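Presented sequentially are two complexes of chain A, the first with chain B as partner and the second with chain C.
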Partner chain A sequence: MNQPILPPEPLTNEAIAERLTNTAIKQLDRGLIKKRNLVYLELNGCSGNIISLLNGENPDIEYALNSMVNLRYSNSLMAAEGENAIEKLMDTLDEDFILAVEGAVALKNNGLYNIIGSWKGKPLTGLEAAKMLGEKASSILAVGACATHGGVSAARPNPSESVGLQTVLPEKKMIKLPGCPVHPDWFLGTLAHLILYGEPETDNLGRPLMFYSTLIHDRCPRRPFFDRGIFAEKLGDKTCLFKLGCRGPVTRVDCPTRQWNGHVNWPIGDDTPCIGCAQFGFPDAMAPFISYDTTRVVKDE
Partner chain B sequence: MNNTELIRLQLNHLVTQARQDLYTLSRSNDFYKNQQTLQRVWDSLSSIHFLSELLANQAAKHPAPVQNSLMQPPATNQSQIPPITPLPNQNTQSNNQRFFTLQELATFDGKNGRPAYGAVNGIVYDVTNNRAWAAATHFGLVSGKDYTQEFASCHAGQQSILAMLPVVGRLVQ
Partner chain C sequence: MSKRIVINPLTRISGFMEIDVTVENNQVVDAKTKGNLFRGFEQMLIGRSPFDSVYFTQRICGICSAAHSMASSLALEDALKIVPMEQGKYLRDIIHCCEFLQNHIRHFYQYTAPDFVKIDQNSLFQADHDDFRLPPEINDRISRHYFESLTISRLAHQMLAVLGGKAPHNHGVFIGGITTQATAEKVVHLDSILQKISAFIDESMIPDVYDIARYYPEYFQLGRGYGNLLTYGSFNNYKELGTLYVDPLVLTAEGMQVFDESKIQEKIDYSYFTAMEDTYSPREAAPMPDMDKSDAYSWVKAPRYNGLPFEVGPLARLVLSGLYNNGISAMDRTIARALEAKKIAEIMKVLLQQIIPGIDVQKKYELPEAASGRGLVDTTRGALGHWLKVKDKKISFYQIITPSTWDFSTRDENGYYGTAEAALIGTPIQNPEKPAEIGRVLRSFDPCMSCATHVYTPGKQVKTIKVF
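Let's look at the complex of A and B:
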C-alpha cells in the first residue's frame, strides 16, 4: 500500500472477496498458478448453500468456478446423471482435488439415511463418500451450518443421527464456513484464497478470520440503541432487537457490512432479529428465534 | 439549551470527527492505526444515524413552527439522551444481599416483564441486559437457574465474565 487509499471502499469486506477472486482469475490467466480440481459434495441438507452460491455476483458462481477451478463434480450443476455422474466423482480420486462439502453426514443405519447416488449397482451413502473423498482431498471446505457442526440436519430430535463433517474425519484439517446458508463471498473468497495463497488464517474453530472475526453486535448499525437501552417490542421496530432474541451479540460474521442478495440488505436491516445462523450450535442453541414474552416491562399505552 | 440544539451540536461534533478521521485515513499508511480510525468512523456513523433518527422522530411528533417553540419553555416530554453504555455494577450496592432458593430463582426467568437471573457458584447474577442473553436465553439455556456446571464447562478460567455482571444476591439451599 504505497499509494494513499481513500476509505471506505477498498477496505470493505465485499471488496476483499472481490479482489481475491479477481486476482485468482488474473493469476490463472497469466499462468502463474494452476487451476485445481474442485469436488462439491451435497450430503444431508437442503441444498441451500449451492442455491445461495448461485446468487453470487461479481463474479458469479459459474464464471468464478469455471475460471478458478475445474469443477469435477457437483450433483446440482453437472450435466451427467446416475452412475455416469458418480463415475466422474470416482475419476477425481486419483488426482489432486479440493473437496467442498455441504450438508451433514447421516450416521444412522450405517449412513443409509442419506444416499447420494449409486455405484456399480449399489447405493453410495453420504457417509462413504465423505470418508472416501475426505481422506484423499488436499484441502477440505465444510460449507454451511450442517457440514460445519450438524446444523439443522442435526437439530433435535435428529432422526437421521446427523453430525458435522469433522466428526467422521477427526484427523483431517478443514476450513469451516458456518452459515445457513453460506454467503457466496465467504465461499468464493475462501476458495480464491486457497488457490492464490494457500489456507487462510483461521480462528481456533477453523473459521477464516477474514470473514468470521467480528461480532455482528460490534458492527451493528443499531448498536447506539442497545447502548442507550432503547429496545424494539415487535418486528418492524427500527430500534435494537435484543429483547426479541437477536443473536447478533453471540455471532461472529460480517453480515452488517457485507449484506446479502447482492449486498443490498440483511435481516436486521429489515427489522427482524439475527437468528445466529453462522454460529456453532445453530439452530438449537439459538432458540428461540423470537420472543415477545420478554424482560421488558410492558407499559400501558 | 433545548434538546434539539444539543443533538445538533453532537451531530456537528461527530461530522467534524468523521471528516478528520477520513483525512487521517487518506494520509496514513499505518495499518494498525488505520484500523482504529476506521472503527471510530464506523462508531461515529452509527451515532449520526441514531441521532438523525431521533431528530426525525421529534420532527414527526412536534410539527409546531420553530418560532413558537422558541417562545415556550423547553418541552417536558423530551428526556435527556441517556449516557452511552452504563457502567457495570452501577446499581449493585443497593440491593445485592438478597437470598434466593432455587424455587425463587426460577421465577426470574425473564418472562412477562420479570428480570432474568442466573446463578454460578452460589452467587445470583442479573443477566437481564447482558448482550449474550437475548430473549433471556443463552445458547439454549433459559434464565432463572443454577448454571455452575455449565459455566465451568464453557467458560473455565473466564472469571472476568462474572466480574462484569451485576450481583443481586446469593443462592441458599
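Let's look at the complex of A and C:
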C-alpha cells in the first residue's frame, strides 16, 4: 500500500456496495464482462450468513442470483438433493468458478463432524470439499466469522476441532469477510468488485479495505460521550457503552455508517455494546459480551 | 424387493441432514434421520458469563436465532428471579413475531415451493424428479412469488432490526424484555411494514399454499406420524391480554391435557451417549458421548413427554389452539405454517397497540453465586427449552432441547420411532429412482439441523469409513 487509506466519508461508504454492484450489472447487460460461476459452500456453522445474504439490498439477492452470477451450488437454496446435488458441485470443478465458504472446517475424526453430503456412496466431509474446491477456485471468499477464523464453531473447548478456511488451504490467497453474520453489502460489494475489477484492495489480514478499514470507535456516534467520560451503566442507556464491554474500540468495520437490515439500526443503536463479531478472535477474545463490572471506580484514599 | 434410499444432503433446510430409508413394494418400511454436523454448544457454554448465553446461543441457528435469545433470556430471568415488566414482554414478543414471519415466508417459498413448483428462471432450481402438476398460470405465479417473497421476508428482518439492532443474531432480546426503548417513530415504522407483510400473506402466500394443496391432494394422507401434539404455549400468559394464541397443552389419543414440564424426559437408549440413567430429566444430566455403546444406532437423543414422542410446530399449535381441525399430514403442516403467519401478524398488530413509548425496562443485573433456571417457549418450529445452572457466577450447566430434536428424535426402548421417522414409514414411493415424496414429507416439519445438531453427531457407520 503506497497511499494511506483514509476513513471513507459516510455517503461514499454507504454507496460503495450499491455503486459497485450496479456497475457490474450494467457491464454484464452490455456483454462487457462475463457472468461468473459461484459455488456457495456451507460448512460447520449456523447457515446464518446465507440468511443474511437473503437480506441483501445493494443489489437485492434475487437480482444478484439472476443477473450477476450463475449460482451453481447452495445447500440452502438448490432444488436438487442427495447425490444429484453433489453431482452439480462436482461438475463445477472443471470450470472457472468463485468459491464462497461460510462455516468453519471441522477437523475432528478426519472431518466427519461435518458431512455436507454423500458422493458415490461415501460421506463427503466439509474438510474434503473445502480442500478440493479451494484448490481449483479462481477466487475464494471466506464469509463470516466461522470461515475467516473458526468463529463460534471453534469456541473453546472447540469440541469439533473447527478451524478457519485458511488453515486447511494455507497457500491459497483468500478474501476474508469476518462478521457474525456477514453484512450482505460486504459480501455482494466484494463479489461485484471481483467480477468488475478483480480482487479488491485488502489489509494484511485479507479484509477488503472498502468495508473493514476503520474502527467502529472512530466513527461511533456516541464517541463524544467517550471523549467526555460519560458512560452507560446498564443496557438501554444512550451514552458510551465502553464500560459495559463494548468492543467498538478494537473492531474494524463500517457498522456505524452502514448499519443493518436496510440501514435501520445496529447493535449500539439498540443501546447494547458491540460484541466484536466482525473482529478476528470472536467470540472467545471478545467475551464477556456484556458485563456490568468491566471497570471499577478506585476511591481516593 | 427391498431397496435402500439415502438422501444426503437433504437440501433446502437449515443445516445438514441425511435420510436413510428402506423401501419395499414401493412403500417406506423403515426410516432413519441423521444430523450431519456437530459443534457442541452445551460444552462451549460452560464457564462463560451467564449474560453471554443470550447472544452466544443465537449462533446455534441462522434462521431462528431470536428463538434462542428468547429461551436463554427466560432461563436467566428464572434463575435470577427477575419478573419482566409487561412492556418489556410485549417488545420482546414483537421481535419474536418478526422472526416467525421471516421464517415462515422463507420456509414456504425458498424451502418448500421448489418441491412442487417448477422455477425455470435459474438452473439452481433444476429438480431431480418430474412430478410437477401445477397448470402453467399457477406455476408461473408462484415462481414469481418465490422472488417477490424475498422482499417481504427481508422486511420482516428489517422490523426485527428496528427493535433488535440487527438480524440474524439480534441484540435486542435480553433479560427484562428488550434492551432499548420503543419510540413513536419505531412503532409507526413497524406498523407500516407489517401492513405490507400482512397483505402479502393474505393475497399471495395463503392462496399459493392452497393451490399447491389442490394439485397434490394425496399429501393430506401422507406424513401423519403418531399424531401426538405438544406446545409450551405461545404468546400467552399476559397480565391484561391473557392468551393471544395458545396455552401450554398436549394432545394424545387420550385427548387434550395441560402441559406439565416435569413429564419431559430425554432418552438415550439407542443413542451414542451414556449417563447414570438412560432416561433422565433435562435439568439433571447432560450425558457424555460414547460411540461404543451396544444397541445404539445414532447420536440423536430422544426427548419424550410422558414416555411418548411428540410433534411440535405450527400445526401442533393451530390444532391445540382450536383454530385448525382438518387433520395431521405433510400438507396440513405446510398449510398450517401459512395460516400461522397470518395469525402471528395479527398478534403483532395487537402487541404494537399496547406499546407505550419511552419505557426503560433495563436494570443493572447482579449475578447470584449459584442458581438454576429454565426457559420454555414455543418458537417458529415448536417447543424450545433451555436449562441452565450458575455456579461462582459462571455457567456450570447448559442443556438445550430444540423443536427439531423433538421432531427428528431417535426411536426408544419402548419401540417408538422418532416423530419424523414415524411420519415417513408407510409413505408410498412412486419412483424409487427419483423419490419426490421423502423430501416433501420431511420438509413439511421445517427441519432445522443447525439447531438439532448441537447435540447430534454423525452415525456410527460413517466413523469407520476412511475418507482420505
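Operating definition for what follows: the second predicted complex is superposed on the first by the 281 of 301 C-alpha atoms of A that agree within 3 Å, B and C clash if a C-alpha of one lies under 4 Å from a C-alpha of the other, contacts with A are read in each partner's own complex, and residues count from 1 in each chain.
As a convention for this text, a residue touches a chain if its C-beta (ideal position, glycine included) is under 8 Å from a C-beta of that chain, and two chains touch if they have at least 3 such contacts.
Given the structure is predicted, the values throughout are model-derived calculations rather than measurements.
Q: Go through the superposed model and pick first if A:Ser291 touches only chain B, second if only chain C, both, or neither.
A: After superposition on chain A, A:Ser291 lies in contact with both partners, chain B and chain C.
Q: Considering only the touch criterion stated at the top, classify A:Leu99 as touching first (chain B), second (chain C), both, or neither.
A: Neither: A:Leu99 stays clear of chain B and chain C.
Q: According to the contact criterion defined above, which of chain B and chain C contacts more residues of chain A?
A: The partner that reaches more residues of chain A in the superposed model: C.
Q: Does chain B (first) or chain C (second) touch A:Arg72, or do both, or does neither?
A: The second partner, chain C, only.
Q: Go through the superposed model and pick first if A:Leu20 touches only chain B, second if only chain C, both, or neither.
A: neither
Q: Report for A:Gly281: first if it touches chain B alone, second if chain C alone, otherwise both or neither.
A: Once the two structures are laid over each other on A, A:Gly281 reaches chain B alone.
Q: For A:Leu38, is the partner it touches chain B (first), chain C (second), both, or none of the two (neither)?
A: In the superposition, A:Leu38 touches no partner, neither chain B nor chain C.
Q: Figure out whether A:Trp260 sits in contact with chain B (first) or chain C (second), or with both, or with neither.
A: Second partner only.
Q: Which residues form the common part of the chain A surface touched by chain B and by chain C?
A: 287-288, 290-291
Q: Which positions of chain C touch chain A when the two form their complex?
A: Counting only chain C, the residues touching chain A are 6-16, 18, 36-40, 43-44, 48-49, 51-52, 55-56, 59-63, 65, 106, 110-111, 114-115, 119, 121-128, 147, 150-151, 153-154, 157-158, 160-172, 174, 179-181, 189, 360-366, 439, 450, 457-458, 462-463, 465-468.
Q: Mind listing the chain B positions that touch chain A in their complex?
A: Counting only chain B, the residues touching chain A are 22, 25-29, 31, 34, 38, 41-42, 45-47, 49-50, 53, 81-82, 84-86, 110-116, 128-129, 131-132, 134-140.
Q: Hey, which residues of chain A end up touching chain B in the complex?
A: 1-2, 4-8, 11, 217, 219-229, 238, 242-250, 273, 281, 284-288, 290-291, 293-298
Q: Where on chain A does chain C make contact in their complex?
A: 42, 44-52, 54-57, 60-62, 65-66, 70-72, 74-86, 106, 109-118, 121-126, 128, 151-153, 155-160, 162, 180-181, 233-237, 260-262, 264-267, 269-272, 275, 277, 283, 287-292
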